[in-house]
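In the part that follows, the structures are each spelled out as structure tokens.
In the two complexes below, chain A is the common chain; its partner is chain B in one and chain C in the other.
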Partner chain A sequence: MTTKINFPKRQEILFTGFGGQGIVLAGRILGKAAVIGDHKESTLVQAYGPEARGGACSAQVIIAEGTIHYPYVRYPDVLVCMSQGGFDKFIGDMKKDGTLLIDQDLVNPHTVFPKGNDKTYFAIPATRMAEELGRKMMANIIMLGFFTAVTGAVSITAAENAVTESVPKGTEKTNIKAFHKGYDYGMAVLKGRKKKASGKRGA
Partner chain B sequence: MKPAVLTGAHFMTGDVACAEGALAAGCRFFGGYPITPATEIAEHISGRLPQVGGTFIQMEDEIAAMASIVGASCAGVKSMTATSGPGLSLMLENIGLAVCTETPCVVVNVQRAGPSTGLPTLGAQGDMMQARWGSHGHYEIIALAPASPQEIFYQTIEAFNLSETYRVPVLIMTDEMIGHLSERVVIPEAKAIHTVSRPKARGRKDRFKPFAPGPNGVAPMAIAGEGYHIHVTGLTHDERGYPDMTVEGQEVMMSRIVGKIRNNLKDIIRTDSYLLDDAEIVIVSYGVSSRTSLAAVDEARAQGIKAGLFRLITVWPFPEEEIRKLAARVKGFVTVELNLGQIHLEVERSAGGLAPCVLVGHAGGTIITPDRVLKTLKEAF
Partner chain C sequence: MTNPKIILFLCNWGPHSAFQILQDEAAEIPLEIKMVRIPCTGRISKALLFKCFEMGAEGVALVGCSPGTCRYGTGTTNASGHVEDTRSILELLGLGKERLRLATFLPDESEALLEFLQTFRDEIGEMGPSPVVPTQAQKPGTDPREALQRLAALHDVFACQDCGKCSSACPLTLVGKPFSPRATANAAIGGQISSPSVQNDIWSCLTCGLCSERCPSAVDFSRFVRDLRDVVVENRVDTHAVHGGFFHSLMRTMTSEDLQIRQWEWLPDDVTIDNKSKILFFGGCAPYFDLFFRRHIGLKTRDILVDSIRLLNFFDIHPSILQDLRCCGHDLLWSGDKPNFLKLAKLNARVIEDAGIEEVVTACPECYRTLLRDYPEHGVDLNFKVTHLYDFLENEIDKGAVGFKQLNRRLTFQDPCRLSRFENRPDLPRKLIGRLNPMDFKEMRDHGANAICCGNSAWIGCDSFSKALQVKRIGQAKDTKSDLLVTGCPKCQIHLRCAMEDPFKGESLKMEMMDLTSVLAKTIQWE
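What follows is the complex of A and B.
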């Protein structure tokens, strides 16, 4: 797909949600995919302490071609929100041309993005899709698949391998299935936007 | 049995890399007591030690944990414990015992914000002077401050090597941020890892003097139970290890335990630098704050300010000679650390009035931002 974001040399990614959603695990899988699978440099700074156990939770991931000196996310290039709290707290920090990904059933972005302006961010009903799979806890993996499709920050092979290596033994297959649900949804969104964009040009 | 050296590329936290570094160094005993944010070291090594024929014990508290690793080391096993500030406070008495009995061991302090219980889950670098002077009496000690999971892996091996070479406790003074930071860690093949063991006892077993120094000032060490004469005490002792509570005995023992470090500074001290050769302003930093400093150097250079970083890997003994040399040619020093001025004082002392020294400090609980360092650079020089 050519509509993927042009990936810069250093990408700051912030995953947000609440404790228990697997936000830190999503960050860990992403970092692992970048380092082990794609041979890039990556850092993960995870929320730690009471906030990681129910309250607002975040995972700061940096992916870069070269050495990462300062491992903290200041102004995210990509902001992933799986809770309203995460969105409200961090949307102001996102870079001007940054990419926003949300779980559309958990985050209402209209305080910042007016209705009808939905092409400026990417939305997926990740938790609902996970519930349909019978595993609500896999919403993070669905989101990770969606993230991989729309940002291209890591390769799909690297992400798949990192998912397999990072989830509890015996759950690999269902997690990969969840990952693909999100990935396919992301690809469909991209395809739809491309079609719409070219359609407009034709008119 | 599983391999002690997990050769390959990993994405792991500093805490886990520390545990893996210990195993690669030959550590086969860990006595500890869990404490945030060092718990993951104990957690990880408790699973790994039994896989490599080692022993893990969770002791009743940090006093006992420290005692257990001193005992294990006397029995010939490379040993380690890991804790955070409140635990280090409790360990200090027995760290002094290890200094006095010249027992090799490694103590990891994943620093969190204090004093007292402080901010248990949030990092700081407030125990640097405690590491140097925390136990009573005058002594020399070695402390390292790694700045990444990869460096923790290697510096943990170095900590064991230094500890075994000089028969002194070695502290790894990391911080919550580095302990919980995940990054690439490449573990080499086992045969590529250089490990050192304590100088071995030789000669007649009944006439062996356990504290008679060798050529570098360090006495060969007999293992309890090997048959060599052995006597270990925290009292001032003579070369036989027997109490010698005289002024002369104190002078002889003290000059040995202090001299073996002071006379080998070149072998012990490790530092790193970044864009230092033509630097006019030198940032001195260590641990997580050196990561902030690297970013600040880059931003300063982009704005035409000739800044460079002098990074401490060995914090104790302090590289005063290197600072002194720099002081003669630079505009000034900026020390960046997560306390309200500890290593800053050492930089100031070492600079000896030849260059001004400024502190960018913080009480802890968060990291210092590169912007703040840059602002100070501009304002001060």
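What follows is the complex of A and C.
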């Protein structure tokens, strides 16, 4: 996919959201996918405040071709926001040409990105889609699928395997379904942007 | 070919005088030409013209009076319309339009007539034999009484409790036709094969399936009628067929293997086709319908095909199309001509399989149902998947990032019986309609699995009651205050549009119609 980001040797990724959304799990799955599936190096630093349940929380993931000497993410290349608080707190740190992914029902990005400027970030109604699938808690997996599609930071097979290994036993099928829901949405968004850019918006 | 089979329909008036001069002079009228004297060229319908080709004629000439000399005023004008339409259908079918000619002569133009006949004979001779193999007249192979019992058992007609729910649901009974599914069921149970309830009524049944929907004993009346037609029919369907049996002729002609059909020649350049694709788009008969009805109701059902391919292209599917696919055979199956249905089914299945197709997409509910259910049910197994375009679209649109432009229309929807009732999926088109952005969408009083038929099926048994039924249905559509009647089947468009031509009801029945496929194609966009 030509619109996919040309992945550099070292990528800093920051997942943010509320405690309980599965932010840290998403970070762990991503790291596992990179290491076990794609044979790269990866680190995970999880951070949450005293209000672990419902409070701001983040997972810092670094994926690199070579050795990682410092595991903290200061200026993320990819920022994933599943809460307004996370967005407000970290958007200033994102690299200038970094990629922003948001849950469009939970984050209003218009304080930073004026309306009509929606090509600069990727939005998905992950939580709503998870509710439609029957389990709100799968929003993180949907977001991970979306992340895999639009950034290409990990391969899809690596991500799928990591999801299967990391989720509770018995929920693998539904989680893979959720992952694909997000992945397909991401691919559709990329395709839509490509079509729009080439001037072919309708049928 | 030394002895081409040529039919000459010769008008009784002007040209016949010229022909008689030739006979008197013992002129060399080509012996291959079989002359049929007719009262007026205007009365030779498209069905009659085409019938000759179905029966194996290699050339047909319709010879009438010169413009302005017609005994009845409009005969020659009508004839030229009929000939032009039939010629374009012959062209699509791969028979070649040159096999049918219209010529006009004054009574004293005998030499010109002779020259025309000789040249026509020579040209037809050069074109070679017709690829059409006339189909065998059907013979009732089984004892009809025994077959009636067998079918009644097969479709569980014996379970009929004589409760009358079917009659109270039947749209034909409700518009006042002396017709009752229950009466036919009773006659069948009693083995009365010659009863009018069997002999006549099975040709009136719309096979819409509403009675089976209501039947407390789940008698599958539509399929019972379908199979019974195959047993009862002796002189084929033609006596009950509408439009002179043109469409049945057309379908039977398509059973000839050597036809080089060219049904996609008209496709516009802006759609992308890739004949290496493993996904096939199955078009159906829409191009033929449009040509046949173009003078009557200005039909454009082939737009549905173009819009379907546009929608596939929108999602980066560039389907293959196959020129020599036949009609799916739905209307032959449902009008009692199983042997020819089977021929079409086998031909289609073979052509599709030879092309290495893995998935067939179609936008026509009849093609969908026939390929998916009736082919395997009649022993024609398919090694490819059959998908309705709506399923494909719903799946793709559900992935996200696709939206629909604002549509400043108020919509209502005419359910196609083969999808909404037979396949029991009235929710599928509604899911797609729900994604649109119209000003309003309102259901008609009878909708979904309870929807009323468009008035006809399988091109048989259309009468004034069908018309009354259609008027009633359009009235329901009007009652929703909608201004766009969305349809899901090309036949619904044809039948309802025909009803709207009613000269007495006039404007009160007019309502714009558009196929759901076209509505989607016109408004879909990437977000």
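Quick note on the criterion: the second predicted complex is superposed on the first by the 195 of 203 C-alpha atoms of A that agree within 3 Å, B and C clash if a C-alpha of one lies under 4 Å from a C-alpha of the other, contacts with A are read in each partner's own complex, and residues count from 1 in each chain.
Assume a contact is a pair of C-beta atoms (placed from the backbone, for glycine too) under 8 Å apart; a residue touches a chain by one contact, two chains touch by 3 or more.
Remember, predicted model here, so these are calculated numbers, not experimental data.
Looking at the shared chain after the overlay, A:E131 reaches neither chain B nor chain C.
In the superposition on chain A, A:G192 makes contact with chain C only, while chain B stays out of contact range. Counted by residues of chain A touched, the larger count belongs to B, out of chain B and chain C.
Of the two partner chains placed around the shared chain by superposition, neither chain B nor chain C is touched by A:D38. Touch criterion not met for A:E172: it reaches neither chain B nor chain C.
Contacts of A:D184 after superposition: chain C is touched, whereas chain B is not reached.
Of the two partner chains placed around the shared chain by superposition, chain B is the only one that A:Y48 touches, whereas chain C remains out of contact. The intersection of chain A residues touching chain B with those touching chain C, taken from the two complexes, is empty. Remark: chain B residues 9-11, 36-37, 120-122, 176-177, 180-184, 291-292, 294-295, 298, 367, 369-370 touch chain A in the complex. Chain C meets chain A in the complex at residues 307, 310-311, 313-314, 316, 396, 399-402, 405, 520-527.
Those residues of chain A whose C-beta lies close enough to touch chain B in the complex are 28, 31-32, 35-36, 41-46, 48-50, 68-72, 74. Chain A makes touch with chain C in their complex at residues 124, 184-185, 187-189, 191-193, 195-196, 201-203.
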